[in-house]
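Across the two complexes that follow, chain A remains constant while its partner is chain B and subsequently chain C.
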Partner chain A sequence: MGIKLVARARLDAWVDSLVQQQTVYGAQAKGDRFAFDRLERASALRLDYDVTILPPKKYFQPQREVIMRFNRKTVEFESVIDEEPFVLFGVHPYDMVAISQMDKVFTMNQFDKHYMARRANATIVVSSVETASSSVFAACMNNATMRGKSGHDVLITKLPSGHYVVDPRTEKGDNLCEGLAEAPEANAEALDAREKVLNQNEKSLRKYELRVLPEDLPALLDRSRSHPVWQEKAELCYSCGSCNFVCPTCYCFDVEDEMGWDMETGHRVRKWDGCMLVDFAAVAGGHNFRSKRSARYSHRYYRKGKYSWDTYGEISCVGCGRCITACTANIANPVEIFNTLAEAPQ
Partner chain B sequence: MIKPRIAIFDFACCEGCQLQIVNMEEELLSLLEHVQPVEWREAMSDQSDDYDIAIVEGSITREEDANRLREIRKRAKTLIALGACATLGGVNKLKNLFDLEEVKTAVYAESASLPILETATVQALHEVVDVDYRIEGCPIDAAELTYVIKCLLIGRAPAPPNYPVCVECKLAENVCRYDYDEICLGPITRAGCRARCPSNAFWCFGCRGPVDDPNVHAATQVMEQYGKTVEDLKVKLTLFGTQ
Partner chain C sequence: MIARSQLASPEAVRAEPDIYLPSGATVTDVKRLTPWEKYFKFKMDDERDLHYMPGQFMKVSLPGVGECPISITSSPTRNSGDRLEMVVRAVGSMTNALHALRPGDRVGLRGPFGTSFPVTGKMRHKDLLIICGGLGHVPLKSVIEYVLDERHHYGQITILIGNRSPNNRLFIEQILEWKQRDDITCMETVDVADPNWGGNVGPITTLLPRVRLFSPDTVCIICGPPVMYKYVLRGLESLKLDKSNVYMSLERRMRCGVGKCGHCQINNVYGCQQGPVFTYKDILEMGEAI
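Take a look at the complex of A and B:
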């Protein structure tokens, strides 16, 4: 199927028919903010959202998931795999970049079948950003648009005219867009208007200006181990992990067995963990590899700007700005930290 | 397997935490397949001095209560403090902020001098005896009690969360209460409640007490950022005696 130019009413009718046929998660209002949630009707879909509180990673790696059931008497066990197909509607480009990175992480050493089953069953509709959040800096990280990127099945972009350019990118995307077969093809004028929207996003999705190139962050961090900023900022760190949990590229988890009342059967649970939490690096025998707040505080930046680069060749801060907003103490702004490091004499 | 004998005792409190155990309803029957309750005033008439696990609710406000608790400690192999009054002193600890005689007169008026109303400063259980495990909260979450009991049955050390309520708030994808210009105790309060209050549009009251190493410095510094004072924060902390 080609690229379609779709009026809002037709888009809504399409979404309404999708939610009748399958599980669709879409960006919706939550209090004064936004969150991805099960979509019941097109009118609840808020493609004009700025940023969701949690990234869509929760649909691939849920906050808490049962990964195995076991019987400790008979020593039998079976994996639990979630194979329900679903549509994720309205993902922003920076979050799509994060999902693609997580695909790497969950397959590069051990193939994580729990994560990948969900990933394989997902159809992802990326929406070009319509409203910039107050702390987004995705453009600084080259993640303002999907230009030169993949992983998404459909790209939709709202034009100033109010129409949407709906661009299926994969076979899954084509199938999803079947309901738009009657819509007109996007003409050159519409495609040109889309380019202008994307150009604009590359300018506007930078509420903070990163004064180093993303690819220079590994070297910058490498020479900044003893910079006083780690200690300074860590003094205000609650070790609450908020910056971890809202981050689309934080995937750390803890695994725990929960017993049933028969004391024989139980299940193994995987749940989100975060490197800011005091017990994250605590091991048997009582040792804690990062018992100091400053060690934990700096670790997050090294993980985002250097370790992921060393491990799989990407900077894992995508510029969504969620950590900036989520941090009650206002000490989690990666741009501020990286710029501070860059100012230090080499 | 011989079932461990459990006794549940109460001191100064509203007994609401015990009520959470009663409210377990069907799950209570599963629990009773593994333990033998021998004393539990709120739910049964039997009494016994022979028990393995003592679950103790309430705070200690009189010398005779302290002595009774010491006896319980002697008899029990394991002592579990149940709920905010037992673990922190709880709301009862507000009394300690005032002159004792004034408090007595305010509450009991002309009867204040009766010997039966003799009362002392409020203490949490661990201020009187050694406590093995704490189940925090006002009221407790029964799921945490069953977790601790299952751990004991299976021979594993219970590990209550040592991270702040913010964790569970983020997992629930709540809007931060600071965004609503409120002082929330979530950043320094021990999680385990599944962020019950913030998930229902209230700030965290701190009923589970602080995490092991709360960043008090951050908590006070942050007040200024939000146009609040350290005094505002202290008032909030006073409610459950965690100041």
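Take a look at the complex of A and C:
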């Protein structure tokens, strides 16, 4: 199927039919903010959201997930793999970039079946950003649009006319869009209008201006180990981990066993963990390899701007700006940190 | 343009093994070594050979309690294909639960994980200086047994063993055997002596001035508590060893063992995958390594 030009009413009817057929998660209002949640009807879908409180990583790596069942008496373990198909509707490009990076993280060297089972069973509809959030800087990180990127199954873009350009990108996306077969093909004029929307997003999704190229961040960080900014900012850090939990590329986890009421069966769960939390790098016997707040604080920025580059060739700050909003101490703006480092004499 | 997904299909994912799923093993022997440490011998239920090398570790599971990384102390040279030995110090809920195990009890095992000491590589035909601090003796026992079993492949062997006190010493009978051998040098020290202790007293660095190395390209192997490394490395300076010939095992909280969970990360490397064995040269640029 080709690229379609779809009126809002037809889009809603399509989404309503998808919701009837399968599990669909979409961006919805939550108080005066937005969150991805199970979608019951098209009218609840808010494609005009600015940013969701949590990134959609929660559908691939849930806050708490059972990875196996066990029996304490027989000492037997059995994998629990979640293979339920679902549609993730309205993901912003910067979050899609993050998901593609997590695909690398969970498959390189060792294949994480728990993550990949959810990922392989997901169909992702990316929506070009309609409303810029107050702290987004995705354009500075080259993640304002899906230009030159992949991983998504469908790309939808709202035009100034109010119509949507629906662009299936994979076979899975093609299948999802079957319900739009009757919609007209997007003509040259519509595609041209889409390009203008994307051009505009590349200009406007930068509420902060990064004064260094993303690809120069690894070298910048490499020479900034002893910069005073780490200590200065860390003085104010509560080590609460909020920046970790809202980050679409923070994937660290802890594993715990939970016993059932019968005290015989139970399950092993993995839960989100964060490198800003005080005991993250502590070992048995009490030694903590990152006991200083400044060590934890700088570690996170090195992970985003250098270590991900070293290990899988990408900068893992995607520019969503969630950490900026989530930080109670107001010290988590990556742009501010990177610009401060860039100002230091070489 | 319609692209075929680069991702694995649901069917392909289903065919993959679960990297977190332990295999069953049975405890075949338990011995108390000290008031704090116990020795365990395991046999894999499927009797498969784990193909481990000295310096590697296993993830040990007790359902309902958890999973933790434990160094392998046996040498593959003395491994009949189904033998795996570990030493556990009781410090937390998991290790205390391990101490309650008796022969015949079962556990879950994953591994072996991590890098190993280069017993078949760089250590071959070289003089060896092996420095064991406290529980560092446990993984290095695997190295020492390996090089003694393949004695003809190595040059002069010097073993230093340091403990907090005489009753922290592990595998005492074996240490006495090593001391009696005339083809190796084995020296011991304790930080704090008791009335029966007739040997050297002081940190392990106090043994270093007595070490006589004949070859400038001696390979040094170090394992001990985190605090030990910088003192030992400083003490080694006068021996002028090549930093790429100094190997050490760095302890971290290896939660998953497969390079995902992030706990063992040292700068840009995962301790459980690119480690735990690193050379001094490897870690020079890694600020938080030691």
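Definition applied: the second predicted complex is superposed on the first by the 344 of 346 C-alpha atoms of A that agree within 3 Å, B and C clash if a C-alpha of one lies under 4 Å from a C-alpha of the other, contacts with A are read in each partner's own complex, and residues count from 1 in each chain.
In this section, a residue touches a chain if its C-beta (ideal position, glycine included) is under 8 Å from a C-beta of that chain, and two chains touch if they have at least 3 such contacts.
Keep in mind that this is a model prediction, so the values were computed, not measured.
Judged by the touch definition given at the top, the superposed model places A:N121 against chain C, while chain B stays out of reach. In the superposition on chain A, A:V278 contacts chain B only, with no contact to chain C.
Counted by residues of chain A touched, the larger count belongs to C, out of chain B and chain C.
In the superposition on chain A, A:M259 makes contact with both chain B and chain C.
Residue contacts after overlaying the shared chain place A:L213 against neither chain B nor chain C. In the superposed pair of complexes, A:A344 makes contact with neither chain B nor chain C.
When both complexes are overlaid on chain A, the residue A:P168 reaches chain C alone and has no touch with chain B.
Of the two partner chains placed by the overlay, only chain B lies in contact with A:A35; chain C stays clear of it. Contacts of chain A with chain B, set against its contacts with chain C after fitting on chain A, overlap at residues 259. Listing the residues of chain B that touch chain A in their complex gives 27, 30-31, 33-34, 150, 153-154, 162-164, 166-167, 170-171, 173-176, 178-179, 186-188, 211-215, 217-219, 221-222, 225.
If you check the complex, the residues on chain A that touch chain B are 30-33, 35, 53-54, 58, 63-64, 235-242, 245-246, 259, 261, 263, 272, 274, 277-279, 293, 326, 328-330. The touching residues of chain A, when paired with chain C in their complex, are 67-68, 70-72, 74-79, 81, 83, 85, 103, 105-107, 109-114, 116-117, 119-121, 150-151, 153, 168-174, 225, 251-257, 259, 266, 268, 273, 275, 280-285, 287, 289-290, 295, 299, 302-303, 306-307, 310-311.
Of all the residues in chain C, the ones that touch chain A in their complex are 1-10, 12-14, 16-22, 24, 61-68, 89, 91-92, 95, 106-108, 225-227, 251-253, 255-256, 258-263, 265-268, 273, 287-288.
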